[in-house]
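When the chains are written out, they are named A, B and C in that same order, and each has its own residue count from 1.
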Amino acid sequence: MKRAGIVALNTFREAVRDRVLYNLVFFALVMMIAAILVGQISIDIEDEVMVSLGLSAISIIGLLIAVFIGVGLVSKEIDKRTLYALLAKPLRRWEFLAGKFAGLVLTLTVNTAAMAAGLFLALYYVKHSLQRTDAVVLVAVYFILLKLALVVALAMLFSCFTSPLLAILFTGGLYVAGLFVHEMRGVGSALISPGLAAILRGISYLLPNFENFDVMGAAAHGRSVAGALIAQNTAYAALYSLIVLSVAAAIFSQRNLK
Amino acid sequence: MTFKSYVALLVLVPLGFAGVWDLQKHIDASQSRTEVEDDQVILRSGKLVKAMSLEYAPLMADIYWTRVVQYFGNKHAGKQVDLRLLWPLLDLTTVLDPQLMPAYHFGSMFLSDAPPRGAGRPDLAVRLIERGIQANPDQWRLYYDLGFVYYFDMKDYPKASNAFLEGSKNPHALIWMKIMAAKIAAEGNSTETSVFLWQDVYNTTKDPEIKENAQTHLRLLRSAEDCQQLDALGDQYEKQFGRRPKRISDLVQAGLLRGAPLDPLGYPYTLSEEGKAQLNLDSPLLEKQVMEQRRK
Amino acid sequence: MAEAAIDIENLTKDYPYGFLQLKKKRSLEGLTMQVQTGEVFGFLGPNGAGKSTTIKLLMRLIFPTAGSARILGKPISDIAMHRNIGYLPEQPYFYDYLTAEEVLDYFARFHDFSAEERRARVSGMLKKVGLESAGQIQLRKYSKGMLQRVGLAQAILHDPEVVVLDEPMSGLDPVGRREVRDIILELKKQGKTVLFSTHILSDAEMLCDRVGVIVGGKLQGIGAPSEMVGLKAHGMEILFELSGVGESVRAVIAQATRTGDRYRLHVEESDLYAAIEQLHASGARILSVTQVKPSLEEYFMHLVAADRAQAAAVEVSGK
C-alpha cells in the first residue's frame, strides 16, 4: 500500500507541473469574477447567480480534468512506455492503479479547494458577510469532489481496455446517463412494454447515479442538505469507485502491454 | 527581419485590411441581408431545456431570468419587446429552477401589468404563482403575490382575501397577512390596502424599474385620496354656499383650506368644470393616471 | 548443481491479429534455455525475431501463451523477487517533467532504502553513467543517449543480482557504447548475472560468455561465441603487394582478391610456407599474414537465410 502512495505522490507531482492545470484554475477564477459582475446585472438574484455560476465552473472544469487526465493516467503511461521500467520494480499492477487514482483525486481536491476558496471570497466580497446558510455551498463542493472521484475511476476503467478516445466518450456518456437515472425509472408503461420498463428500472439502479450529487439548487438558495445525504453519498461514491477500480485492476492485470 | 521588410509589412498590412473592409461592404450591399432579430425563445419546451442543462439547471434559470429582467424591466430603452415571449421565458425559468422566488414575485407582476409595460395576462400570473406554491409550499410570500394579482388586476376580492388567508396559516408569515385577509373580505377595494401592498413592493425590490412603478402607484393613490378629501371639502362648500367651488382659492377663501395643496410631484390641484378635484394639467402624474384608467 | 539464475521452459507467445483478432502470429515458440548465475548472456537475432518478446515475457509485461520461467529460483509472478532484478526497457522513456535525479529517486523509493542511502545511491549512479552535471535538467531536454543512460542507471541502482537489458547499446555513440560495455564487464566482475539483447554482433562476441541466437521466434543456437562457429580457424590470409607480373605467380594471384595494387590470398595452413616462398620468388612484397577466424556474422547470416527460406516454403505450401 505504501508503494501505491509513492505512485500517488508522483502522479500529483506530474499534475502540478502540467501547465494545463494552471490555465484551468485560472479560468475558474476568472469565472468567479464574472459571477460577481453578472450578479450586478441580475437584480434580486445576485447570490443565486454567484453560487450557481461558481459551482458550475468548478463542476465543469473538474469534470474536464477528471475525464481527460483520468483517461490519460493509464493510457499515457502505456503509450509512452514509462510504465515498463516501473513494472519491473516490486510493484503490483493494482498498486500502480490505486496510486494513479489517489494521485489524481488528490490533485482534484487541491484544485477544487482552491476554486471553492475563490468562490467564497467572491461571496464575501458581494455579501460583506457569510452566514451559516452559506455552509451548504461547501457541501455542494464536497459532492462535486465525490462525483469527480467516481468519474476518475470510470475513466481509468475504460482506458484499461479501450483507446483513449473511446474511453473519453464512454466515460462522458456514462456520466450523462447517470444524470437521467430518474427519467429512466419513470418511463411510462404506455411507451414501452412492462418487461422493458422493469429492465430499465434495474439498469437505473446499477448505473452510477450522478443525480445524487446535484445540490446546486439547494446551495444557490441557501437551503440546508440533510446530514444523512452527506453520509450516504460518501458511502456511495466510495463503494462504487471501489467496484469500478477492482474491475479495472482485474482487467489491467491481464493486459499484454505492447 | 530587416528594417525594410518590417516597414513594408507595417504599410501593407493596414492597406490590405482597408481593402478587405471596403470589399466586404460591397459584398454586404449586394447581398442585402435582412437583420435577424435575436429576440427569440427558440426552445419552448421546459422539459427539453431542463434535460439539456444536465445539472446546471439553476444556472440556466438564472440566465433566463436575467433575460426577462433585461427585456421587460425596460432596460433596453426604446426597443420593441415582444410581450408574447414573456410567458415562455418565465415558464422556462421556473421549470429550470422551481425555487427561484424572484421569478414568481416579479414575473407575476410583469405578466399581470397592462401593456405596454407588461403582458396584461393576470390569468397567466395566477398560473405561475400556483406552480410556485406547489413547488414551495412553505414560501408564504407567494400567497401574498397571488393575493396581489387577484386584488389589483382581477379585482376578485373573495379570492384575494382567500389567498392572504392561506398564506397567513404559515407560522412564519407576518401578521399583516391575516389583517389583509380580513380587511379585503370586509371592504373589498380600499386605499389603505392598496397603499400597503404597493409600499411593500417599493421597499423590497432592488430593481429600479419596479421601484419606480410602485412609487407611481403610491403617488396615484395618494393623489386620489387627496382629491377625495378636496371633494369632501367641496361638498361642505356647496352646503355653505349653494354651489360647488370654481377654484381651489375659493376653498381657501372660505377658510376650509389653509393653502393650495400640492400633488406628490409638487403641482397644485385644480378643480374641474363640475367642481371636482383633479390633477393639474401640467402634472406628469396626470398622464400616468390616464394610463391606469385605460386599464380599467 | 547451482540453480540457474534464469530458467526458461517452453516459453511460447502468440499474438492475435486481423479482423476480430482471430488469426495468430507466433512470435516465440517453445523457448527452453537457462542463464547461469554470474554469466553474461547475449540474445542475438534480427529485428522482430523474438528477443524483446522473450524479455518482456520475463518481466511480465506480456503473458505467455504457454510455458513458464523462473528467475532466481522464483516464478516470475513473484513480485518480491523483483527486488533483485533490474530491467532496462527497449528505447526507454521516462517522465519528461522530472529531472534525472528525480526519476532515479522515484524508482529507488520502491526499494527499502533509508533516505540517506537512497540519496547516496542516486548520486552515485548519476556519476557512474556520466550524468552528474545533467542531473537537475528535466528529461524532456535529454538526448536519446542520455535517456539510455538514465535507463541503465535505474536498472542497477538497487544492486540487483540479475540485470536484464533490452538493446542497451542502441542510440549510443561509440563513447557511450564503450561505457556500457565497461559497466557490463564490471557487473560480471561483481558476480551479477547479465542478460542482454542486441543485434550488434561484435558487442556480443566481446562481452558474452554465451549467446543465444533467436531467428523467426525460435532458438536456433546456443553456446559460447567461439563454440558456435567452430573452434578451428579456416586457414590463413596473406596480404601482399605486387609490382610486376611473372608467369609463376599468375596461377597464384588468379585465386587472390585484388584491391588496386594489393592482393589477398587464402591458403590452407599446411600450404602457407610454400605460398609465401612462391610469392617472395615472384617479387611480391608481403604485408601481413593473419589467421582467418570465422565470424559470428557469417553464422548469423547463414541462420537468417535458412529461416527465411523455410518461411517462404511454408507460405507457398501452407496456404
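Keep this in mind: contacts are C-beta pairs under 8 Å (C-beta built on N, C-alpha and C of every residue); 3 or more make two chains touch, one makes a residue touch a chain.
Just so it is clear, the model here is predicted, and its values are computed rather than measured.
Participant: Would you pick out the chains that touch chain A and also touch chain C?
Facilitator: Neighbours common to chain A and chain C are absent.
Participant: Please list the single chain whose C-alpha centre lies closest to the global protein C-alpha centre.
Facilitator: A
Participant: Let me spell it out: compute each chain's centre from its C-alpha atoms, then which one is farthest from chain C's centre?
Facilitator: Result for the farthest chain: B.
Participant: With centres defined as the mean C-alpha position, give me the chain A-chain C separation in Å.
Facilitator: Chain centroid spacing, chain A to chain C, equals 49 Å.
Participant: With chain centres defined as C-alpha means, what is the inter-centre distance between chain B and chain C in Å?
Facilitator: 89
Participant: Report, in whole Å, the distance between the mean C-alpha point of chain A and the mean C-alpha point of chain B.
Facilitator: 43
Participant: Would you give the residues of chain C that are in contact with at least 2 other chains, written as numbers and ranges?
Facilitator: There are none in chain C.
Participant: For a test of understanding, state which residues of chain C touch chain A in their complex under the given definition.
Facilitator: Of all residues in chain C, those touching chain A are 56, 59-63, 79-80, 82-83, 85-89, 91-95, 97-98, 106-107, 109-111, 151, 154-155, 164.
Participant: Of all residues in chain B, which touch chain A in the complex?
Facilitator: Touch list, chain B to chain A: 51, 54-59, 62, 65-66, 69-70, 73, 97, 99-102, 106, 205-207.
Participant: Contact residues on chain A for chain B in the complex?
Facilitator: The touching residues are 38, 41-45, 48-49, 52-53, 56, 59, 176, 179-180, 183, 210-211, 214, 216-217, 220-221, 223.
Participant: For chain A, which residues count as touching chain C in their complex?
Facilitator: Per the stated touch rule, the residues are 3, 6, 10, 13-14, 17-18, 80-82, 84-92, 254, 256-257.
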